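In the two assemblies presented below, chain A is common to both, partnered first by chain B and then by chain C.
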Partner chain A sequence: MPTLSPTGLNQAILDLIAMCVLLLTFVMLGSHWIRNHILAFAAQSWVLALLSAFIGFSGHYPALLVIAGLTLLFRGLILPHLLVRILDRAHLNREFAPVVQSAMSVVMGALCVLLAYGAALRLGQAVTGQSPVTPVMRIGLTSLLAVVLIGFLMLVLRREAVSHLLGLLVIENGIFLGSLILMPGLPLLLEFVVLFDLLLIVVALGMFVRYLRAEIGSTDSRALDRLVG
Partner chain B sequence: MRGIMTGDAVFQQVCQVLAVLCLAPLLHGFIVTCREKIARGKGPPILQPYRDLYKLFHKEQLVPETASFIFWIAPIVAFTAVLTVPLLIPVLTNYPLPFSDMGDILGGGLILALAGFFIGLAGLDSSHPYGGLGSSREAMLGILAEPTLIVVFIGITLLDRSMLPFVVNHLLVAEPSVYWSPGHLLLVAAFFILLTVETEHLPIHSDTHHEIYMIGEARLLEYSGPLLGLLKWSSWMKRAILYTIFVNVLTLPWGLSVRGSVPGLLEATGILLSKWALVALLLVMIDSLQSRLRFYRYQEPLALSFLLAILAVIAHQL
Partner chain C sequence: MIWASLGILLTVTALASALCWIVRQPRIAEIVNLAAATIDCLLVCWLLVVTPSGGVRGVGNYLRLGPLGLWVMLCTAIVYFLASLHAIGYMRRMRKEKERLNRFYGMFAVFALTLFLAPVENNPGLFWIAIELTTIASAFLVAFQRAPETIEAAWKYVVIATAGLSLALLGTILFYWAGTFTLGPSYNMTWSRFAAIAPLANPGLVFFAFLLVMVGFGTKVGLVPMHTWLPDAHSEAPAPVSAMLSGALLNCAMLGIVRFLEILKSTPEHALAQTALVMMGALSLLVAALFIVRQRLIKRLAAYSSIEHMGIMAMGFGFGGALGVMGALYQMLNHSVTKSAVFFGAGSTMRAYQSKQIAGIRRVLDAFPVVGLLWLASALAITGAPPFGMFWGEITLLQGGMASGNRWAVVWTVVILIVVFIGFLSHFRRMYFGRPPTRPPEAAFHWTELASLALAVAAALGLGLWWPSSVWAYLRAIAHHLGST
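On to the complex of A and B.
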């Protein structure tokens, strides 16, 4: 398995990019406005594309440059565009009745990051067998687990169907971030499959939102807690 | 030789305290004027706070009948506490002076909290309804801001394995890699939000003098004359101290006097004033451009700064 072993400046840049991704995830978690969530998602995808290109350059993985371009195109432009379209068609603008206040959810997210860091240390030890885990392993595992946990948190705490969709996309972005840092030599084909899956998710959930709106008159997923025969 | 050196150091230390004491009203005047200028008003002259102090100190002292001894000692304790803190932090010189090992950053925070505590007591003391309101609101903000402050201090300690502000200052000047590390930048962001809370620049703070919008100010409604002057002066000094910690320890650690000669101290004072002006302009911009929020949104910026502080600590561990 090819792994990264960056030194000095490169590692600082990795650290910085991972922090940017985490911060943007928190923008999604804390903001009231769904449009902000989508913009933050787009920004996060751009940062991920940057990371991909950076690892491609510094670690000599030409495939990662292609992946960077694809990420920029799909996650950075097409998916946000589709999401904004869903939003505009459904005349949504903000989450009106979140399960907990945004301040509380941000603090919960911070606890998730702590949990992710603790888990990353243990996991890294268990996987590699070295007792001080390498910095790359720490950055990769912590950011992966943190973003995935926050994505789950978004799934649990949000009630709008579009927000659920964003939660799924954030989880996927987190896994992509982790895979970029931890195993940058993944085949290009896999990335193609994932990108088309993402497109499929957005299209399917877009139809779901429209259905919700037509049948129930709102896009609140709470309306789905009863069986209707 | 040694005698001269110590004498010199004591002189420098006195200068540090005097700089904060004498220039804090100027900073306040600058902020008020800037705020008016941004709103296209004319604004009071920049030296108005000095005239206000002069006026207040020449007035008769009135004391409410319901007040106890707390009413008298609170302003004095607050003023003294705030006056102690410039001994501990790099205001003009970038090396520790004789009394700066009395306390570290945590000690400084504790002394400032003591001042806040006594003003809060004074707000409750005369059993005026608005005083109680101000005290309880300020205490609420304090309760939420304090954990973040502690985490920020932990982050600063992790940066350089020391809690002395002078060490942080030297480290940031010497090593740009630490300065630009995400751990440090996130700490700066977290501390900046705390700064807006503590110096009343959050969008929930209001300039209009309606009791219902007041937060910290409402604690002082019963005061008049010299005691009010002391309280106002100490709150301006507290602001100046927090600005100084923000610029000289965390963000702009350059331009402090290295040897402590008189021209060096004067130069450092000038540079300090321009740094204050920079932070003040930034805060006034945020203050004026952001629309007012209702008071009950206060948890959000504080939660954000807590998050940033936690991320800073994690980023440092990575």
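On to the complex of A and C.
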């Protein structure tokens, strides 16, 4: 097996951490306080760093320890810090008049997880050719697809510019989570450039949030309705 | 020698950008940028001649220079040169942004640099990053004139493109995963490595990954239904930036889809992947045609025309075979030069009439005989009328479609092309004839605007009248490399 094949306790820990990541995604989906989103995103990144370190230790992938440190630093500290700064400068606090109520968005998120689970089982079966998919593949594919789907759901259900930015970051976290579990041997280079890219996106969109407030007077996406047809 | 030339090309562009930021003199910045564009253009032509047809790999196997990548770079270099020339006159007329003009040129060169980086990447992950960087660099150019519309366009552009590209990243990573089953957990990610593992991997997984990549890069290409950022960004950006977006950026993103299609070439899923691409192209063509017919704004008209042409190119690559691919590649170059001319003409006329609306522009020929004539010629060329190069690209591509057994798609394309021809030119009829405008347009174009427009139209005409056999041999070699037969 090219992927991880942990047994017993290790598998349980892996499941637990992946579930934590998924749960924190739901915290973001359910709350309308943007500051909570950022805190949940930071917490999610720390958990991802933990997962990275755990897989690095248990699976003997020393590169993952470096990635764990980078994740903690970039995704866990620098990006949340930049996001809080954007929030403070724009005097934003919470999402007003959301598209759907938080209970409803959590239900939709749950449906996404079910969809992801079903797709993961089918895909896993197709790839391995055996009917009960290995637990690693099951948790890896499910959490990957679920977090990415919920990230897209956040893009759709949110109206606030900063929430869109967070939605994009959640999608990236989902891809990172899946790649950690499914392919721990992914070259370090890719993770480097993805982090660099995330940093650029947050900085660029932070500047655009400033322009949005200056030119349009709002960071609500419903105000962005001039260009149609 | 080849790598030295490429190194010079990238360094010159980067230095030009840095210089533009440092000197703060718009007049110097525009010359520096134009000089870099000229050097880049010459170097790409030189590379086109000296690079062996099999392509070369270098710089620790991180870079790969092959005919396909060079062809895309040629399109980029030509558009970069034309747009830099046009920008001199066009940007000078922006009164409010006078002090910040050097930043425009600095960012313009960065944008070009990212566009040159993408085709030479030998690592799909790094290719993805280069495409992602083009988004950020060009978003600042779109938002250069700070107005509610431009900021809105730039914001939508970044959010939609980044969300779409995250799917491309997911697809790339799933390709890597497919490889871990045969190559072990760690291996170097390169295009050729991916091509080697694809036949051994699970077909379902490979096809799923391809669909993700197609949708992801398709967002950047402007394939319907992920095209929604494109008309906004193209219409709100300054004209030279619109030309770069349309004539250079879309090609680079298309290269991603083509490269992944090439990876699938010896798998059982290749035919299915080709069909998926043809379907996406056909849908793009239809939606673009509908929006072209009912369009009220000039630059949005040109933007939807880009979606249309990208749809045609997607179909050409989807048809496969020598003729389909050759047609699509020839179409790519022709689209780059012709669409630049359309955007240049649109930008200058919009400025002169102070209106973005088609209805606000009347009797262009009366006011500007030369610019008007050239712009009209570019409109004819973009709708695929002979004797312009676009016509030959489309004919070749459609022949490829007939040969590939996608007859329905060929009929579909021909019908829609006729609709677009009538719709597009009927807008131009209204702008060239009809009642005289209530307010006379501001006269006087800068000579660079005229020169860039004339050069672009001349290139479009030249590509239609003159068919050097070496170019076709070159394209045939690329097609042979891409095709499974």
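Here, the second predicted complex is superposed on the first by the 225 of 229 C-alpha atoms of A that agree within 3 Å, B and C clash if a C-alpha of one lies under 4 Å from a C-alpha of the other, contacts with A are read in each partner's own complex, and residues count from 1 in each chain.
Rule of thumb we're sticking to: contacts are C-beta pairs under 8 Å (C-beta built on N, C-alpha and C of every residue); 3 or more make two chains touch, one makes a residue touch a chain.
In this text the structure is predicted, and so the values were computed from the model without any measurement.
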- Partner chain in contact with A:18 - chain B first, chain C second, else both or neither: first
- Query: Is A:26 contacted by the first partner chain B, the second partner chain C, both or neither?
  - Reply: first
- Query: Of the partners chain B and chain C, which touch A:84 in the superposed model: first, second, both, neither?
  - Reply: neither
- chain B versus chain C as contact partner of A:139, first or second or both or neither: first
- Using the superposition described at the top, determine whether chain B or chain C touches more residues of chain A. C
- Message: Per the contact definition in the header, classify A:66: touching chain B only (first), chain C only (second), both, or neither.
- Response: neither
- In the complex with chain B, residue positions of chain A that touch it: 12, 15-16, 18-19, 22-23, 26, 30, 101-104, 106-107, 109-110, 113-114, 117, 135, 138-139, 142
- So, in the complex, the side of chain A touching chain C is made of residues 2-3, 61, 123, 126-127, 129, 144, 148, 151-152, 155, 161, 164-165, 167-168, 171-172, 175, 178-179, 182-187, 189-190, 193-194, 196-197, 200-201, 204-205, 208, 211-212, 214-216, 224, 226-227, 229
- In their shared complex, at which residues does chain C touch chain A? 123, 125-126, 129, 132-133, 136, 139-140, 143, 146-149, 151-156, 158-159, 162-163, 166, 169-170, 173, 176-178, 180-181, 183-189, 202, 204-205, 208, 231-232, 235-236, 291, 294-297, 300
- Any idea which chain B residues touch chain A in the complex? 177, 180-182, 186, 299-300, 302-304, 306-307, 310-311, 314-315, 317-318
